[in-house]
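Chain nomenclature is as follows: A, B, C and D, assigned in order of appearance, with residue numbering initiated at 1 for each chain independently.
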Amino acid sequence: MKEHKVHSGWKNTLHEIIYEADTPLGKIFDITLFVLIILSVLLVMLESVDEIDEKYHSSLLVLEWVITGFFTLEYIARIISIRKPWKYIFSFFGIIDFISTIPLYLSYILAGSQVLIAFRAFRLLRIFRILKLVKYIGEASQLQSALKASRAKIGVFIYVVLILSVIMGTVMYLIESDEAGFTSIPRSIYWTIVTLTTVGYGDIAPETNLGQFFATVIMILGYGIIAVPTGIVTVEFSKFGKEKKGDNLVHTNTQACPGCGVEGHRDDATHCYNCGEPL
Amino acid sequence: MKEHKVHSGWKNTLHEIIYEADTPLGKIFDITLFVLIILSVLLVMLESVDEIDEKYHSSLLVLEWVITGFFTLEYIARIISIRKPWKYIFSFFGIIDFISTIPLYLSYILAGSQVLIAFRAFRLLRIFRILKLVKYIGEASQLQSALKASRAKIGVFIYVVLILSVIMGTVMYLIESDEAGFTSIPRSIYWTIVTLTTVGYGDIAPETNLGQFFATVIMILGYGIIAVPTGIVTVEFSKFGKEKKGDNLVHTNTQACPGCGVEGHRDDATHCYNCGEPL
Amino acid sequence: MKEHKVHSGWKNTLHEIIYEADTPLGKIFDITLFVLIILSVLLVMLESVDEIDEKYHSSLLVLEWVITGFFTLEYIARIISIRKPWKYIFSFFGIIDFISTIPLYLSYILAGSQVLIAFRAFRLLRIFRILKLVKYIGEASQLQSALKASRAKIGVFIYVVLILSVIMGTVMYLIESDEAGFTSIPRSIYWTIVTLTTVGYGDIAPETNLGQFFATVIMILGYGIIAVPTGIVTVEFSKFGKEKKGDNLVHTNTQACPGCGVEGHRDDATHCYNCGEPL
Amino acid sequence: MKEHKVHSGWKNTLHEIIYEADTPLGKIFDITLFVLIILSVLLVMLESVDEIDEKYHSSLLVLEWVITGFFTLEYIARIISIRKPWKYIFSFFGIIDFISTIPLYLSYILAGSQVLIAFRAFRLLRIFRILKLVKYIGEASQLQSALKASRAKIGVFIYVVLILSVIMGTVMYLIESDEAGFTSIPRSIYWTIVTLTTVGYGDIAPETNLGQFFATVIMILGYGIIAVPTGIVTVEFSKFGKEKKGDNLVHTNTQACPGCGVEGHRDDATHCYNCGEPL
């Protein structure tokens, strides 16, 4: 790394701890982060339960401050320790990290805003960063590939399901009365999808004989249709298992480039595939 | 094309724009049509919502007139630009196009008729014409082939499911009382299918111990039965993937014969496979 | 056939018409029977609908008499035209035929008996005899073989599901109160199966936080468990497709032995595989 | 067995009867045990039904005493007949056996405790011991292997489903009001899982247009997601079927080592694979 403009030593160490999971300290950092994210999401959940919020409001607020503090420090550390901070700030995880940090600060400016809860829920997306840990098993990426390969087929499938839903929803709207819950075509389409996917809440249900007969047709159709995505995914999975025999090395490199922050380097990579920076 | 009786120039151009998607103008036409169809379906939906209809009735009516106008022009253009208009008029899409166009005109003759809404919903079927666009992906036709191949097996399957439903529905009618909702055998059969397909509305539910035990049996049966169509379709999909390796060229020719209007020509076709007309 | 004790001519003809579907008359007989069975089942259904029964009671009764008359004649003809009548009478279809015929006669002895409706519903089972027609497609038997092959695995699967249901049902009974619908362990088990199979009526639903958490676990479990029978059946289907390539001739012989009445003879059979009687 | 320190004769016989299923007496013992376990579980169920408990309380108590007596004797016999009793006592089945036996005794010390019912439900777990009988079919272990092989993939899958549920549950909490049942984020997550798994109770259901639209998205997502575990398990099943062709001998040895009590010996084993004791 000598021939490149290197970070100062502590910045390098910080980068290794925060962005990689190879060193003991890096692992401890990742696990701490994982626990704090889970905790912060649990906090959001608990606050939404009225009885708990009434009793423990102040304790929950203190905990929220602790977590926000840690997230703030982490966010600053991430910006400092990377060479090209703007690339991080405007990356997917950079934005998620920012959104995860600010809700508490914002709550003093925009008091009582419900939307802040949604902001805090975004924290959960941060867990996907820790998916690096899961990748070690090498299964996640395999699932991902199979799903990506069958994306086009599933797209066509959903397209057909949606058109069917609109047509059948309209027909049901004409057959059934308002009393049964079919008050408008959008609601009828909602009911059709509830039925076609075999969810079946029962908040809207056909009451006339013709409506019930037609509902029966939709159900059996949905019963058969459910076979299609399953078939697609299964075949894709089995293909994947066969083809990739030689190439089955899943790269579990957890390093992020100190220059541009991209991940997913090969296990034997010595330079970033994106900017050429040495790793 | 010289040796054939050709259309006059503008008719030829019109034909290319309307029936094909190879030229830039043809693509623009298809996309405009796509947007208008979606819009016309959205209009039908919005009108069915009472609150929206009350507020914006006149605006919606104007939009409906605009769309009907475009559809009328398009329908006339389609008839003019094709060599054998009657073939188009009585083709599947010809009838769909006609039905999609007339509801507004009819509403002045048959005032207040609910059935007109259904007519307008038929417009959605027109989207399938734009499926030509989807065909480019080449996935739709593959799905179709697999489903066609397993049609016979799925037919037998549905036959068995229906017989099971009738028998079990009758038994449940005898076990359960009217209060639980099992007021007649048809309703009991409706309930059985709701249960067998794992939809489960809960508008009708067994209340006696014997009825609940029997319902349990039906559920576990349905749970197992759902495996059958899935198995059939999956095997058919995997067969298809293997057999068609050599023949996997999906023909994405979007031209329609100027003579008879049929589609689905080979990519390298120079004459219609149906009437011999040059393309 | 000369060297055997043959039926008299008209008996032979009757046997061919009733028991086989190879001759034109045999086919007409089968189709008539099929229509009458469907009609008789529809009659049972319609009678159970109070409004219809009140209006058309006498018409329905007349139709019921006509069908019972035909079934009686057919039953007698079946006994006469077969060599060993007792074998037919005590065979599966013999008993079904008898049960299908007597309800109306019995109704004059055991007036008002609800059980007679069940007897009449048994008529539907007779349709399975006409499945001979479906067999021509050769798909039904293929499905049957695959299901038979995976019977043992599905048995083990259902065993595990049932034990899981009992354990989880008991736990839910302890967690949830009577008010939520969990009034006894059998009802809790009923609820567990409703949930595990993803039917989900909603007549019983957990109300406490712990109960809802536990329900969530059961649902995700059920979501995963549904994969097992599907996997089993799919693999069995795909095996079947490969193994049977050579032996894929499905025997579509619809003849029944004039001696003992068994069916399922090979296409090239000249003697009954069961009693040696010539066909 | 001469060269080893052997049990006295009756202990050996007792061991064979209780721990093995090869001898006629051993089989009778296993079947008796099976019936008693089922009976004891049925007792727990029946006692929970108020009407039955009121009528037959004393009869049920007597039966409970009989079963507890048998279980007590069996538990003592198991301890006596094994060489290393402590290994049995602290083994999985040893603890289950103990817990299954004590509830009635405990009920005189801790009167009226509900938790005892749960203890008694544990008896059902004992049936898994009799699964030795099922193993004869050799299917259970095959299913187990396939599920074990796809465990990691299913783990990743459930992880993704849970994160999706938390995010979507939070969003629905923000969209829907308390009146519709979305009173807190945990309840919203509960609803999301109910929807995603296509269970659909209907105790909580979206009422606003936006909420219903979003619910529709979740349903179609759930519809597609259900394909994933099915695909995983199917591929694993089909792999298993191919690989294990040579090794397909499922060991059906039901003997348990008289020394340490472990099971699962090879069919041709003469010594325990765990402690070297002759079998």
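By definition in this document, a contact is a pair of C-beta atoms (placed from the backbone, for glycine too) under 8 Å apart; a residue touches a chain by one contact, two chains touch by 3 or more.
Every value quoted in this text rests on a predicted model; they were computed, and no experiment measured them.
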{"item": "Per Cα centroids, the chain farthest from chain A", "value": "C"}
{"item": "Copies chain A and chain D touch via same or different residues, half shared test", "value": "different"}
{"item": "Rotational angle, Cα trace of chain B fitted to chain C, multiple of 5°", "value": "90"}
{"item": "Distance from chain D to chain C - Cα centre to Cα centre, in angstrom", "value": "33"}
{"item": "Chain centre separation (chain A, chain C; CA means) in Å", "value": "47"}
{"item": "Multi-chain contact residues (two or more partners), chain D", "value": "186, 189, 198-202, 226, 230, 232, 234, 238"}
{"item": "Touch list for chain A against partner chain C, complex", "value": "198-202, 230, 234"}
{"item": "Residues of chain D that touch chain C when the two form their complex", "value": "41, 44-45, 48-50, 114-115, 117-118, 121, 124-125, 127-128, 134, 137, 139-140, 142-143, 146-147, 154, 158, 161, 186-187, 189-190, 193-194, 197-203, 226, 229-230, 232-234, 236-238, 241"}
{"item": "Residues of chain B touching chain C in the complex", "value": "152-153, 155-157, 159, 163, 166-167, 170-171, 173-174, 183-186, 189, 195, 198-202, 205, 209, 212-213, 215-216, 219-220, 222-224, 226-228, 230-232, 234-235, 238-239"}
